[in-house]
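Chain IDs A, B, C and D follow the sequence of writing; residue 1 opens each chain.
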Amino acid sequence: MMQSATHLLLLLVVLTDFAVLGTSRLSACIRWIAFQGAVLGVLSLLVGGDLAWNAWLLAAGTIIVKAILLPAFLRWAIREASIRRDVEPLVGYLASMLLGGAALGVSFGVAVSMPATVRNALLVPVALVTLIIGLIVLMTRVKAITQVIGYLMLENGVYLFGITLARRVPYLIEAGVLLDVFVGVFIMGIVVFHINREFDSISAANLSTLRES
Amino acid sequence: MRPAASAWIALAIVLVVAPGVLGVASRTRALLTRRRGAPVLQSYYDLLKLLRRGSVLSDTTSRVFRAAPVCLVASTLLAGAVIPLDGRAALIRFPGDVVALVYALAFGRFLLVLAALDTGSSFEGMGASREVTVASIVELGLFLSFGTLAALTKTSSLSGMLGAPLAAAWPTGSPAILMTAVGLFALMLAECTRVPVDDPATHLELTMIHEVMILDHSGPDLALILYSSALELSIIAAIIVTLLAPRGDMPVAVSLAVLAAGLLATGVAIGIVEATVARLRLPKIPLYLASAASLGLFSLVLVLWSSP
Amino acid sequence: MSGVTEPLLVAVPIAGAVLAYAIRASSWRSAVLVTIAVFHSAIVVLLWRQSPAPIDGRWIDLDDLGLIVLSVASAVFLSVAVYAAAYLRSNTPRGGRVFVSCLLVFLGTTSLVALSQQLALLWVGLEGTTLSLAPLIYSRHDRPSLEAVWKYLVLSSVGIALALLAVFLLADAQAADAGARTLLLTDLTSRATLLDPWWLRAAYIFALVGFGTKMGLAPLHTWKPDAYGEAPSLVGGLLAGTLTTCAFLGVARFTQIATAAGLDQFVRPLLIAAGVLSLVIAAAFIIGQSDVKRMLAYSSVEHMGLLVLGLGVGGVGAYGSVLHMLNNGLVKGALFLAVGNLVLAAGTAVAADMRGMRMVRPATALLVLAGLFAISGSPPFGLFVSEFAIIDGTLQQNHPWIAIITIGLLTLIFVGLARMIIAILYAPRPEPLDASAPERERPPFVIAPAFLMAIVLLLGIYIPPSLQAALARAAATLGGHSP
Amino acid sequence: MTLFLVGFGLVVAAAIVPPVLPHGAARRSAFGALLVAGCGLTAAAAVVALAGARVIQLTWRSYLPGGDAVIGIDPLSAVFAIAVAVLGATNGIFGDADVRSGAHPERSTEANALYAVLVASLLLVVTAQSVVLFLTAWELMAISSFLLVIFDHGQADVRRAGWIYVVATHVSTLLLFAMFALWSGTARDMTFASLADAWAGMPNRSVILLLGLVAFGVKAGYVPLHFWLPPAHSASPSHVSALMSGVVIKTGIYGILRVLTLSGAPPAWFGWTVLVLGGISALLGVLWALAQHDVKRLLAYHSVENIGIIMLGIGIGALGGAYGYPALAILGYGAAVLHMVNHALFKSLLFMAAGAVYRRTHTRNIEELGGLARRMPWTFLMFFIGAVAIIGVPPLNGFVSEWLIYVGLYDAARTVGAMRLAIFAAPVLALVGGLALACFAKVTGVVFLGTARSARVAESSEVGSSYLIPQGVLAAACFAIGLLPALLATAIARVGAFVAGDPAWGSGGAGASIGTLRGPMLFAIALTAAIAVAALLRFALMRRRSIRRAPTWGCGYPEPTPRMQYTASSFASPLVSMFGAVSGVYEHRGATIFHSEPRDIVLDGVLVRAWARVEAAALRLRPIQQGRLHLYLVYVVAAVLSCLVYFVVAR
């Protein structure tokens, strides 16, 4: 039962990945990423196995940071900076999807070739695909804010990898990591906000005045 | 190093005969070109006349101008002193004294060239420029020739190259020696500015080399310069003579006689050349010098090739 | 005394940061800054008195490599603090309170990186250093600095995320070894043979890319010129002098483990390739560079390349690499501060417009000239010894071609550097000597870089025995040895 | 040794003390006194060591990886130290005066301090006996001389010269890194002694020799590594040019000789390489000198020529060692060292005289000069002596050393086997001599003789005693060595034998191969006597003759003007055109004016173009950094992927 639940959640993670890749609305993207954060929180509890108080604490923290605070903050940034509501991809949605599919194939391929020291076989490929799709979003989305979303996704992938570990990294460290991620995204958000205030449109593309001519 | 009396006598002979060689040369040339020409002793008269004259100094000149003739004659004399004129040993001899010979002549030339530039005349500057151009290649040729002799006789002193070891080397190395002698003769014509490189008898400054350099010298200075150029010619002539007729084993008297005769013969040879060969155009001169020098090169290669 | 003091090195600066944020008067803030810097350096000097011996199982403790990094960080920060105090007196960056606090947080997190014996903790510290400098880069609050900080943030964060992945992979590599404590350096090195090589390899690769991004190895260096060019030069000094050193410590830690696990044959080609590529890129962009600070950034890329190159060739090279880490950190700090003076004097960092500095800022000009010879590895400066050791290493591990290529690239780089520096210092002023010409240079602005430069010079003439021993031990853990 | 160290300390003091003294006479006299005293003591120490045939050493412990620092004086160090000390003193006095009356009198203290540092580092370079100390001194020398080269950094060409110089010297340092790194690979530590011990077991000796030849060659400046030399010499202040040409470039020669000393008899190819390089740079150096109009550039190219002659000597020595003729080896090295000393003397003399002319006329272009012999008679005398010395004719010192080298070549011809081919260098050397004569006839004649070619020259006047006395000292030295070379025979033989690795170098027997040098001595003295006699003769003749003064005979032209004088370009034209493209001269023939402008084949022809290529290539890489964040992210991913590929492949 536990196992199947885990698998279900993992599939949800993959779905959210592709959803972010596919949607054209910023707000939707943020909603999906928030959902993914929530799923991660639950997963960390399920996979970790032990239900000690600090496990609960960590799960709670994860959900609060990744599913509530950061998304809220990003929405605030969008609203304050009156960012236009649509994702501006450098690569079309369909192409992005295809890239994602390739990522999926690669990560499962890598997963089977991996020495089987990991308990839950499905976790690793999911982590990888999240990670890679995060990178894809980072590379192929024009807007600064979408890149923040991509970074969050990348983070989620790594985080997922963290909880797939055969042996847990100490909770204190996990907390530290979470804190760093929070601060990082927070600062990014502020910078995004300033970027918008300084530049007329908030596309990261025209941030290319610093260059070797 | 006890210089033998014969060496002194030989030097004296050369000093005395030197102007005569020029006289013989011009006389021969005159006869061959069906002219009566000046008497053989004319050059002596000229020198004496000049010695008795006063002199005119250009007012742009400095001390260098007056020092040049002195240094020239002294260095030429010293150049003569390192050659075994008596066919045995030189007054001054030490390993590598060939260098002393060539560089002493160079010292005199340096002063003469400076004197020419001292006058500030464009003609003399031109002459000086040509002089140094010719001389630099002549030096190259001289050292090639002496290199041949050194490799042949295994000595680096003229007293050896032209003394007994030369006689010993004759049977085996005669081709190289002959080639060297011819090369030296050609170089001598250039060094002492005779036809085909320069014509002492010309009167057009633009074509001159040596003569134009000394236009402003007069009186005793001019005499010294003329005398030392004659002396230089005789010195090189003496080398050639010794090359062709090694006199290491002759009795002294004979050897000295041969020397005098040889010098005069060289004068005749020069005269014949001047009568028969036309003067080269200035651009052609480097070619001539190069071929003269290459004779030395061939002989050197020949020697190195033939002996282990 | 060890064990008590080390956590202080982290805690005190953080506390100071909070304090400084609370204080309103800027002069007091500067006072706090300088005091804490002095305190920190004092502790570090004390720590040198006995050779560090990490106590088993402790997360925050000192080993030789850590001590060297800590010393670099402390020395650079001390002079930067002095400089900053004077700097803040003359001009106030917007958000001045944040400025000092961020500096102190940076000091704390740097110490954490240097001290942490637990790799995940090291990661946390490194991320901390990255984030704490971001507001400082943006302290001019204009468009270029905004763009610079954005690129810095995104690239560093991606890199650091990959580094985190590497840490997790490393933890996976420990799976086979039940007895080991997770990610504890002592266990990782002492029981390295029990690690799963597959995971370890994977971990190393992501570590190299991740930490390499923060070091600024080509082609991951792209944020560097922008950040260095736009940040205030004292922040540039921290970036080039300290942050890169910390990032290199990350790579060095993973290399220690890989060496202990006998994977050096796998590791070395990677490091050498990265090093040579960085040298090439640095040379290509230093030649004909028009902006001083960007040029210094590429020079930093060059030296990062030399560091990993030395690590890659091993042997004496590893020793040289550790020594070079020390020298490079110090001299970069000095150069950024000195060049900062010139930039302030000229009002621009474009080389073409800041000529004749020898007349305007004679003392600083002397420092910059010394810096030129120092970073190009000329005796009698310390970098001569370390670069000599690195080249020596390449030859002794018989990579003659790498030695040749390195020397050639170093030459090109020197040509570029020398040309620009000569122009800046000696070319006649565009306008006849203006008002700024006779103005006296403020002592702190000269003393701060001169202090670092003096250390570099000293290291070129005399390496104290304790440092010598520490270097030798550190090199040994990296699969090298002292010459 | 203490003597040497005290002297060294004084020289260092000459750098440090004057700046702290109050302005004015005290400062100036302090510098002069300290410098001269220091140089005197060091020279004395070196002379004592050389005369006593002893090696003095001093070692102190250092914690650098390089091991101990050793400083010592052996014959090789001694002879170079003497040269450095003598020139250091004379040029220092000259330079102090010259800078004071120059464009930046206020910076003379700075110049003096740098100069003293340079002298001190030179002393250290030639006496250091361990690698790290040597390299440190080497770089100190490079840096201080660089700062002196760009002393007049107002002009762009000075900065360019400084840039080229600093790059060249840095390259040589880098190559020295490589050489010593290779060499010390199997050595105990990095003292010269242990390098020498390790040599026999070295794996790749020829690479080390080649590196040494190139690395030190950049400093010595033989063709084609001479490119930095002319610009640097014409850019720097006169006394610095004098010192650079006199001893700084000789440190390259010192390095080569030191390598030979440590490594023992070299392979034959090394000897031939050095010989050929020497011949080439002697010939090309003098040829390029012929084409110059900037008098200091001209002198610089003559330094290239003389370095070539010195290398001929080294080549003979190396060949003698390689083919097993120890006597010849000693002769060759001895000749090289002697010519090094001689060139140091007369080249400094020439540079100082030229500097004096520049100070008075403010131009280095000889085409604008002329007729200075009567306005600056003493300077002219000095330059004349230097010229006679450098063209190597008796009775001055240049003749002695060139004669020695000729003797070496002729002795080579007297051996058997391949060695005899060295004789072909003799005619080359002769040609070089002829060209040098032409060149110095040109520069002496055009600068000092004839009539002034510009108004400024016409009212120039003689320089002061602080200019002339140093030159006088050097001129006297030229005469002394020229007339009494026999006094030096043993010392030269000792150095030669030491470099040749002859164990008996200390004993008198080693001198046999060089001989007593009485031959050239006798010749020179006889020549001088003959000149005196001839002069008396002429005097006697002229006494009661009428001497009229008249304008120069213009061959029919009524009014010869200064512009009608033969120009330097025209004077050199026949020789230059004879050598064609090699001479690297571009001639402009106008209707009224004939002018030729020289270009350095290596620098302007090759290096500048190559650098342009490199810059273009670098610019082609610029698009990598075009400011697009997405692109940068792609780089990151690409890096990860390529590493992963390696990950898969590397098993």
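We take it that a residue touches a chain if its C-beta (ideal position, glycine included) is under 8 Å from a C-beta of that chain, and two chains touch if they have at least 3 such contacts.
Keep in mind that this is a model prediction, so the values were computed, not measured.
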Contact-linked chain groups that survive once chain D is dropped from view: A, C | B
item	value
Label of the chain whose CA centroid is most distant from the centroid of chain C	B
Two chains sharing the most C-beta contacts	B-D
Chain A and chain D: spacing of chain centres that average the CA atoms, whole Å	69
Approximate Å spacing (C-alpha centroids) for the pair chain C, chain D	43
Inter-centroid spacing, chain B versus chain A (mean Cα positions, whole Å)	100
Averaged-CA centre spacing for the pair chain C and chain B, given as whole angstrom	77
For chain C, residues that touch 2 or more chains besides their own	150-151, 154, 158, 225, 285
Numbers and ranges of chain B residues touching at least 2 other chains	none
Residues of chain D touching at least two other chains	622, 624-625, 629, 633
Pairs of chains satisfying the touch condition	A-C, A-D, B-D, C-D
Residues on chain A engaged by chain C in the complex (per definition of touch)	114-115, 117-118, 131, 135, 138, 144, 147, 151, 154-155, 158, 161-162, 165-170, 173, 176-177, 180, 183-184, 187-188, 191, 194-195, 198-199, 204, 207-210, 212
Residues of chain D that touch chain C when the two form their complex	62-66, 132, 135-136, 138-140, 142-143, 150, 153-154, 156, 159, 162-163, 166-167, 170-171, 173-175, 177-178, 181-182, 184-185, 611, 614-615, 617-619, 621-622, 624-625, 629, 631-633, 635-636, 638-640, 643-644, 646-647, 650
Residues on chain D engaged by chain A in the complex (per definition of touch)	622, 624-630, 633-634, 637
Chain A contact footprint on chain C (complex, rising order)	118, 120-121, 123-124, 127-128, 131, 134-135, 138, 142-144, 146-151, 153-154, 157-158, 161, 164-165, 167-169, 171-172, 174-176, 182-183, 196, 198-199, 225-226, 229-230, 285, 294
Chain B-touching residues of chain D, taken from the complex the two chains share	370-371, 373-374, 380, 384, 387-388, 391-394, 399, 402-404, 406-407, 410-411, 413-414, 416-417, 420-421, 423-424, 426-431, 433-435, 437-438, 440-441, 444-446, 449-451, 515, 518-520, 522-523, 526-527, 530-531, 533-535, 537-538, 541-542, 545-555, 560, 562, 564-566, 570-575, 578
